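Both complexes below contain chain A, partnered by chain B and then by chain C.
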Partner chain A sequence: MSKNYNYAFLDEGSKREIRRATLKAVAIPGYQVPFGSRELPIGRGWGTGGIQLTLSLIGPGDVLKVIDQGSDESVNAVNIKKFVGLCTDIETTTETPEATLIQSRHRIPEIPLKNGQILIFQVPLPEPLRIVEAREEVTKKMHAEKDYAPLWLQLYESLIRYKKVTLASEYPCLVEGRYMMNPSPIPRFDNPKLHKAECLYLFGAGREKKIYAVPPYTDVVSLAFDDVPFEIESFGGKHCRLCGSTDTYLDEVFDQQSGKRFHQCSDTSYCRKLSSQKAQNRE
Partner chain B sequence: MAYVAVSGGEEAIEESIRLLEYYQNSAEGEIAVEAITNQLSLLVDRVMGEAGLYSRSYAALALRQCEGSVEEAVFLLRAYRSTLTRNYYTHAVDATNMRVIRRISAAFKDIKGGQLLGPSYDYTHRLIKFNGATQSPQDIRQTLFETLEAEQPEEIASCPRVSDELRSEGLIEQAAPDDQSPHDVTMHMLEFPTTRSARLQTLARADTGFVSGLAYSALRGFGQVHPTVGELRSGYVELYVSYLLDEQESVYLGEVLITEVEGFSPAHNKEQLKISVGYGAVFGRCETKAIAMAVIDNELNQDGPYPTQDEEFVLMHGDSLEMNGFISHLKLPHYVTFQSKLDAVRKTRLEGNKSHE
Partner chain C sequence: MKTSLSKKHDFDAVFDSQKVYRLVLEALSHPTKVVSIQEHANKLQGSNPAYLALAMTLLDNEVSFNTCENRQLSDEISSLTHATRTVVEEADFIFVSEAGDWVAVIEHAQCGSLANPHSSATVIVQNKQNSGAPLNQLTFRGPGIDARATVLVTQTVKEILELRDAQCYEYPQGIDLIFVSDEGALFAIPRLVSFDGASQADDSFSFPPFLQALRSLFEEPSKLKEVE
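Entry: the complex of A and B
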């Protein structure tokens, strides 16, 4: 821990301000609370919203896990852990159940989170209506009036043109029947995990200066028509080449030499655990 | 295996930083911070302005630490600023009382207080001096000091604004005094429509290239045509804060070098024509940026179809940290999201094939 900086980098006033915005976000699920986002030594657009949430919440006794696209060892995850380590004295972990705070870029871990755990998402573009309307001034009004018709129309148009919903990740969902929310660029595969979860989900957008939340046991419904149900990514019976899982989110991997295509778990911590368990069972 | 980015990240970062240190220190000897503050002072001005932090020495330190990259230096200063508590707001500065080092008008030949060319590159020939300067910097300084010593110092009178004249004639609308506290863009999110104070702060901190390019687009035809620089002045202004124990008293903090511009354009005012004023003010001697800011301020006051007249478009896309941060994040792995996009594309293809059968 570097003595040149305050505990958790930001000054106490800033941390308090962020916590206040977070409380408001918890009180109004899915609503984007504006806040005075601070600049950090990490690039804007590289998870500064999530980091500010982490910094404002973290304290002695916390155990932090940071993942990037599911991986604990990815460069950006490592870098963020290094930074938090520089200005706090907390422990880090790669084990999902051990963490009190998990900062994540674009994935929800495969192991379901429990009460007492907080998952913090890094959000590039918090506005779910941005795909239909460029202007913040307008989207704010649309939320106030619960005018989500253009989004439904977008969904309908993609069905007419492609016979499929073409929204990939960042799939919009309605929170507690009121606010349309961008779940951050998690794959559709992870959307159902937001619904009535035990843990608290916090979303931080540093560049766009917004914080929002999904408190425990909140209804989170992915946008879909009654006769065209919401669909998650499918891997066509593929399995992870390391642990053999067929029920996890898989990344496509190409072998450098043979050029052959493989699949493996995007959640590396889960995959490792499962592989080692299987190895033990064999012995 | 090709998946380097996923595993072994920590080691890779450390080696990358080591290599970076090699690039940063590839020459013998170190540039003195003083050399940067004094000899690269326009670069320092630009960095201070875009960072929104007035400290010549910290700006120079930052520049030295990042191979002279403007975006990185701004980044370093902004991140440092986040660790400081904001204790005070200075009183509003009246730049009429500026200790002027340069003051010109493109609108009138004779102005009250006179035109003062000051230090300017405008009338230099841009020829590279291949053989270096014929005199050493020390010699040049010495000669200049001697000349200055021999001169009798003149009292600099405070210069009234060129726009005051036009205002008294009724050509410029007299705005009602507005004493509401400025919106602090460093502490609050911008909300639209925003206030003029937020607009001007955002422009003052915006990336120089972005502001200049936008202003250029307005001049070329995507906006109002060709405003006139009513006045451009550079100089030192004094900063004061209220004394904590007695609000009537104020404490002098020091002075900062700024450049301020007022740009004039004819505009419709109900039945008559009038002159509208765009305002620009930046740290240091960043003149082009100050003029560009005045052009955009004026554009934003007009209702129209052009990009420079759209507040949200202009104010949301010019912050050095935000734009460079978000663009550079594209280098981060996007395996999960791309996989999801692939899935969506593949599924539509499957559906497409079925319907063709």
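Entry: the complex of A and C
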């Protein structure tokens, strides 16, 4: 552990402010609590909100897992793990069930999270109403008045124009019947995992200076009309080329040399575990 | 002449604060769940170590607090955290240690606005269990609770929650409650958690076993003769 910095990098005053904001966020599920986002040794927009949440939470005894689009080995995930490791000395893992804290960019792991685990999202744009209203003061008022009509209208326009809802990610959802929330750019496939989950979900947007949360066992309902129900992505019978899974979120991989397209699990940890289990069974 | 400096307490501002914060977060995200901050509170000296542990974890010069009429606690929190003392109506954190103070606190604590519900008070109440006092069985529901949770609470907790509901806050406005005992047992009831079915618990809950025999004597004086 580097002795040149405070434990978990941030000074204690910064941690306290983030902690206070997080407690309010848990008390008001889905509400975006403003906070004074700190400077970090990485640029805003590269996961600073999630990192600040992680640094305010982490302590001796924690086990950290960091994923980027489901992958434990991507540059962003590896560097965040290294950074947190340098200033805390905590243990890191790639196994979802072993982790007490999981920081994620754009995915929820395939293995259901348990009570006591905390999933921290890196959020680029926390405001679900930004797509229909550019001014912060107006979106704040819209949340206060629970005025979500423009968002419903946008969904309706999408249905009229394209005969389906065309939002691939950042699909808005209503938290505990009150706040419209942007679940960060997770695919629609992951939206149902937010509903009545056992774990605590925390969302940190460093650039936009907002923290929000979904406590365990909270109603999180993806926006849908009575006659047009919410649908997750369909992979049309495709399976992972490595583990053969058909019920996971699949990434499409294009091989430039052969010109072929493959599909494989986005959650690398889950895929690796399943592949090794299958290999063991074959032996 | 040499002078030696010694710390007044052993509470680590980095590691103990982190542990206490995680316990409070656990309590707030699982309302009615009891966590213990005793291990960390014991490292502090003062009139109420559990309150001081919470203050050391959450307060600094950016926020304000009120301790009702408890001047000693106010001085201790102020010297440890440099938080600003203020009136109940404007305080971010309110520490209630005297029985009866909570009525004015619940009625006047800031509840935020519809646009800024986070600008509301967190009320921390000392949860004292008087031996022999009846407990109340309440059923809670809301975020953080799997369907519903039925727990036994003291009469004070029940009355505080009833008074909170009597304020008729329009959600998301409201106050968040943290109850903590002298022994550091802590549980939280955030604003969205509601309760119903207030009923007095069975006799077996209201009287500790060693008082059951004594109680039967009071309820049935005829038994007094048998004892004689």
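Of note:
Here is the rule we go by: the second predicted complex is superposed on the first by the 282 of 283 C-alpha atoms of A that agree within 3 Å, B and C clash if a C-alpha of one lies under 4 Å from a C-alpha of the other, contacts with A are read in each partner's own complex, and residues count from 1 in each chain.
The criterion applied here is as follows: a contact is a pair of C-beta atoms (placed from the backbone, for glycine too) under 8 Å apart; a residue touches a chain by one contact, two chains touch by 3 or more.
Fair warning: this is a prediction, and the values are worked out from it, not measured in the lab.
In the superposition on chain A, A:Leu57 makes contact with chain C only, not with chain B. By the touch criterion defined above, A:Gly43 lies against chain B but remains apart from chain C after alignment on the C-alpha atoms of chain A.
Residue contacts after overlaying the shared chain place A:Leu167 against chain B, while chain C stays out of touching range. Of the two partner chains placed by superposition, only chain C is touched by A:Tyr31; chain B is not.
Using the contact criterion defined above for the overlaid structures, shared-chain residue A:Asn6 touches chain B and also reaches chain C. When chain B and chain C are set side by side, the one touching more residues of chain A is B. After overlaying the two complexes on the shared chain, residue contacts for A:Leu86 are found with neither chain B nor chain C. When the two complexes are overlaid on their common chain A, residue A:Ala144 makes contact with chain C while staying clear of chain B.
Overlap of the chain B and chain C interfaces on chain A: residues 6, 13, 34, 140. Partner chain C is touched in their complex by these residues of chain A: 6-8, 12-13, 15-17, 19-29, 31, 33-34, 56-60, 116, 140-141, 143-145, 176, 178-179, 200, 213, 215-219. Of all residues in chain C, only 13-15, 17-19, 21-22, 24-26, 28-30, 57-60, 62-63, 113-115, 117-118, 120, 122, 143-147, 171-172, 176, 190-192 touch chain A in the complex they form. Residues 1-3, 5-10, 12-13, 75-76, 78-79, 81-85, 184, 186-193, 312, 316, 321-322, 324-329, 332-337, 339-345, 347-348, 351-352, 355 of chain B touch chain A in their complex. Considering their complex, residues 5-6, 9-11, 13-14, 34-41, 43-46, 48, 68-71, 73-79, 82, 105-107, 124, 135-137, 140, 162-170, 185-189, 207, 209-210, 231, 233-234, 249-256, 266, 268 of chain A touch chain B.
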